[in-house]
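In this document, chain identifiers A, B, C, D, E and F correspond to the written order of the chains, with residue numbering beginning at 1 in each.
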Amino acid sequence: MTGMTRRERIEVLVDAPLVPKLAALATEAGITGHTLWRVTGGTGSGGIWTEDLLSGATAKSLFLVIASAERADRFIAALEPLLDSHQLIVMRSSVEVVRPERF
Amino acid sequence: MFDQIAASLLSPPILFFALGALAALARSDLAVPETVAKGLSLYLMAAIGLKGGVEVSRIGIGGDLGIALLAGFVLSCAIPFAVAPVLRRFGRLDRINAGAIAAHYGSVSVVTFVTANQIYAGSGFAAAGFMVAVLAIMETPAILSGLLIARRGTGGKLFEPRLLHEVAFNGSVVLLLGSFAIGMLIGEQGYQPISPLFTAGFTGVLCLFLLDMGLIAVRRLMQTRALNLQLAVLGVIFPLANGAIGVAAGTLIGLDAASAAVLGVLAGSASYIAVPAAMRMSLPQADAGLYLAMSLGVTFPFNIIVGIPLFRWLAENLGGLT
Amino acid sequence: MFDQIAASLLSPPILFFALGALAALARSDLAVPETVAKGLSLYLMAAIGLKGGVEVSRIGIGGDLGIALLAGFVLSCAIPFAVAPVLRRFGRLDRINAGAIAAHYGSVSVVTFVTANQIYAGSGFAAAGFMVAVLAIMETPAILSGLLIARRGTGGKLFEPRLLHEVAFNGSVVLLLGSFAIGMLIGEQGYQPISPLFTAGFTGVLCLFLLDMGLIAVRRLMQTRALNLQLAVLGVIFPLANGAIGVAAGTLIGLDAASAAVLGVLAGSASYIAVPAAMRMSLPQADAGLYLAMSLGVTFPFNIIVGIPLFRWLAENLGGLT
Amino acid sequence: MFDQIAASLLSPPILFFALGALAALARSDLAVPETVAKGLSLYLMAAIGLKGGVEVSRIGIGGDLGIALLAGFVLSCAIPFAVAPVLRRFGRLDRINAGAIAAHYGSVSVVTFVTANQIYAGSGFAAAGFMVAVLAIMETPAILSGLLIARRGTGGKLFEPRLLHEVAFNGSVVLLLGSFAIGMLIGEQGYQPISPLFTAGFTGVLCLFLLDMGLIAVRRLMQTRALNLQLAVLGVIFPLANGAIGVAAGTLIGLDAASAAVLGVLAGSASYIAVPAAMRMSLPQADAGLYLAMSLGVTFPFNIIVGIPLFRWLAENLGGLT
Amino acid sequence: MTGMTRRERIEVLVDAPLVPKLAALATEAGITGHTLWRVTGGTGSGGIWTEDLLSGATAKSLFLVIASAERADRFIAALEPLLDSHQLIVMRSSVEVVRPERF
Amino acid sequence: MTGMTRRERIEVLVDAPLVPKLAALATEAGITGHTLWRVTGGTGSGGIWTEDLLSGATAKSLFLVIASAERADRFIAALEPLLDSHQLIVMRSSVEVVRPERF
């Protein structure tokens, strides 16, 4: 691979109103950026849900962060207490990135 | 009163609401895109704000506005405290869920207000224009009451600064009050060029929006797992009780019968736009499925069909007593 | 007839359709957001349903409705069986693709219907209001015929219960019949407050929607890889043949000339809303690029430009014979 | 002139723009869905094109159109070359950013044009219908000038074929000129059935769109990091200078005062629809935050509030001199 | 990594009308949840496509499932016969999750 | 895993107007398909951004490609010179796919 470096990829499924809180936690963990996209529906223990723009309360987003292992650890540790109360789903995996100094 | 229920049931907006509800019941795939529904709701808020402002510019504010605003503010602050104990005892909810739901009932439903106004005015029972400002003032104070209920005794800080900001500058509050101010500024003459969109088109847009609300309300009810019979019953009792209190308060402070009826509609309605997002943000532990099922799935349809004619009847009869 | 083609070609909706088509041909990046287009199509269906219902409430249903509904139902069921063998032999398609495409031609295009109505009524050739119900009744039976064709002899079960449900409660069927019923309930007087949106705004909205349809139809045609000359030719022959049959059937069962022409438009048109999604769900092996290219890329523009004036001409001349 | 500023400030569209701006300043969460805003902008372009075309069909093109188109074309090509050196010296930008920003100022803002037309016509100062064609002609030539500035001396090829195509068939150019042509074809009589949507609804839709523009403009300004004081000052000087040149040019070539004022509005305005996407595609190294902050965050509000009445005043007084 | 457990992540690109069928297969494989988001365009052997809300027939979604290896195997086995007829694209990789008992 | 083969998954975060250029580079690298979805916001060194449909200039998409290692290398090499000027974010990881001959 042409000059790629390993970084951690963390994805969090989160209700839209809670995104600012997540972003703040990422920043506190030293992570400088994130990317969001809207998910349009799903099923889980809480039943089926679909988009909800009217109240915005149950609209969900995918919150993607690329970070070094150390920062990723810190971010995930900060998420731990919120997992149940905020009904978060957290995934972590490894990716190769270019320009690793950015993350 | 039954005449009025029948007449209101045959008005196009209510019929479209029923169509949406039936389609959802039959599990039809009929759906209004979320962004279109959001656009329609912005239109309705701008239109209702403008119309209220223009009317105030025509008639003058009068002494009633101040007292009506105060009454609305007090109702929005106080209703959650009346409602929460019932939710805890009869509904068997914990403090957090009780606080979250209570906030919804203290706040108001813009669409219920709009529908009531349309149906009342269509039969010569028009409320004062300034009731839009009362609507706006009632939207968010209940959020603070609900949080107070949920957090009292937990020792944490009560309100994040971000929340106070959200309460004051919530999008629908800003749009309602802003268009109200614009309506007052431009007056009837300035309103002329925009009245084809905001007045002539209004009832039709309301029909399309209520079609969507019928779909959403029933789907919400069918998807929910958390709602039990007790809570469903409370979803009917709260609008009855709060609405009656609102009508009585309106009559006591000397509002005309139509405005008192509208104050009843406001007190009896429950929010499903401003409050749910604020609760999800500030009380994420509360069950969003629950408060949306109650406000959107039970109370909203009940008010649209029964509450609106009922509060009118009440206001007319209470008005006769004084 | 050529006069009528010329007149219809110069009407604003058709000109906007041509603008969209030309823009797509020139590979312009002009685009209408998908959700906005979806919103406009819901508006058109509600409006056409309401207008039909209001007219029926004014004139009364008359004995024609029953027989017209029956004719529409039979056409929707039968056309796929007439069309499929041609697709297999002349179009050299397998049974599955033939069945899927046949279902589209048995069903109807709401926008073609709306455009025909608008153009006919604009020149004093108004069809009966109940033709909206015929439109709704023709939308989905063809789906079952198409599946029967595709699956006969394969031994599997013919219809999933979910599909039968989809056929009966498809969103556009529900909205069309629901607004039709609302129109009948409220009558002309109840329609007054919503007529600015649904009547005055109608032709303008149709223009914007047809602009998008022009873009979509031509882009679909340019993106497709599966369409060959034989199939393109069938995309012109089917509307001609089915449309003529529809006009003849309408004339025979005693409809007025305009209603007979509209029955021709319905029979000649091909679905691109209700049927494609059902086919994708029930016959995923069929090539969606193919059936959309034929119905949306060939037949739809052909009907808008040639079919609508042609079926009128046919209906007027056939009507003269009887 | 200050009377005109005051009058224009009290018109509903400007008040809604101010409401949006204030809401964004107060960090309210008020927002118009992106797709709805896109839909409204398509409506505005179709409506303004149609109205221009219908008016031309009524009055005839006259000898002015050719010379006005030429003037617009020349202004769009030339302004970037006048603006770029100032951006480089006073704004201390590199060639690429200077070229990208210059392209925006050579091109035009559709919404500024629409708002000016609405405000002017509302006070009996109506510009010629063909100015829509001038608007369309000015949208994209500046893109080529901007690229020439950015790339001259770099040795690479100047324009990709895809870009030339984009310049000629940009969505807004196609929609404006297409609707203009449709308006000319159908004339006043053919416009009748669509005028409720496109004329009666116009000012109201403009209000909702400007509400969103106020939100977007101020948010853009608050989010930007790249904008410094020098560039902000240039965002005010450019519309003043270019606008004055436009008014003067319009007066010199013999346009009536209102059309000359509108030519000033066009010359003074900066694009934020057609040009930014083209720059992002062809000059990805340029800072999109920068050119959007200048055109959308500074120049657009300045023109809406100050430019529109100012260019009118200028045109009326210059017209008096000749 | 603070208490994370390995699970399988399966993503399926699927036409919108087929999502319910996919969800049913996931449930049959013992998977209790999924998340969807809309994709807006792409290219493949079938040419270019873009969103299509009007007919809805060719709109595509990404269907995401997190599951144990065993359930993932079962789900993918159930998808096999549909791959060609339903034009599915299936990706599988590993992720670390918190609260693994949920998946 | 039932007959799955390893392929590379490349995701690029890219401004919407630059997608055609990316698609062309992928095609040149021998990659036959891609899938796009819209992202709705994010933060980075350039500050916060949110969707922008009006000008379309700063709307961003996620561009997903599945490819063999060799083609992936070629594609990433072709992206290298554009990283800074086009402000791309590139992630690469491995996935298992069925029907590997397609990629």
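The rule is short, and it goes like this: a contact is a pair of C-beta atoms (placed from the backbone, for glycine too) under 8 Å apart; a residue touches a chain by one contact, two chains touch by 3 or more.
Source: prediction; values computed, not measured.
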| item | value |
| --- | --- |
| Shared interface partners, meaning chains that touch chain B and chain D | C |
| Chain-contact steps, minimal, separating chain F from chain B | 2 |
| Chain labels contacting chain B and also chain E | A, C |
| Copies chain B and chain C touch via same or different residues, half shared test | different |
| Reference chain A; chain at largest CA-centroid distance | C |
| Between chain D and chain F, centroid-to-centroid distance (C-alpha), Å | 34 |
| Chain C-chain F separation of Cα centroids, rounded to whole Å | 40 |
| CA centroid of chain A to CA centroid of chain F, Å | 19 |
| Chain E residues counted as touching two or more neighbouring chains | 37-38, 53, 93 |
| Multi-partner residues of chain C (each touching 2 or more other chains) | 33-36, 38-39, 196, 200-201 |
| Chains grouped in pairs wherever the two touch, ordered by label | A-B, A-E, A-F, B-C, B-D, C-D, C-E, D-F, E-F |
| Touching residues on chain D, where the partner in the complex is chain C | 35-36, 38-39, 42-43, 46, 165-166, 169-172, 174-175, 178-179, 181-182, 185-186, 190-191, 193-198, 200-201 |
| Contact set on chain F toward chain A in their complex | 13, 37-45, 60, 62, 73, 76-77, 79-80, 83, 89-93 |
| Contact footprint of chain C on chain B as seen in their complex | 10-12, 15-16, 19, 22-23, 26-36, 39, 122, 196, 200-201, 203-205, 207-208, 211 |
| Partner chain E, residues of chain C touching it in the complex | 34-35, 37-38, 41, 162, 216, 223-225, 272-273, 276-281, 284-285, 288-289, 292, 296 |
| Chain F residues within the chain E interface of the complex | 1-4, 9, 23, 32-38, 61, 66, 93-99, 102 |
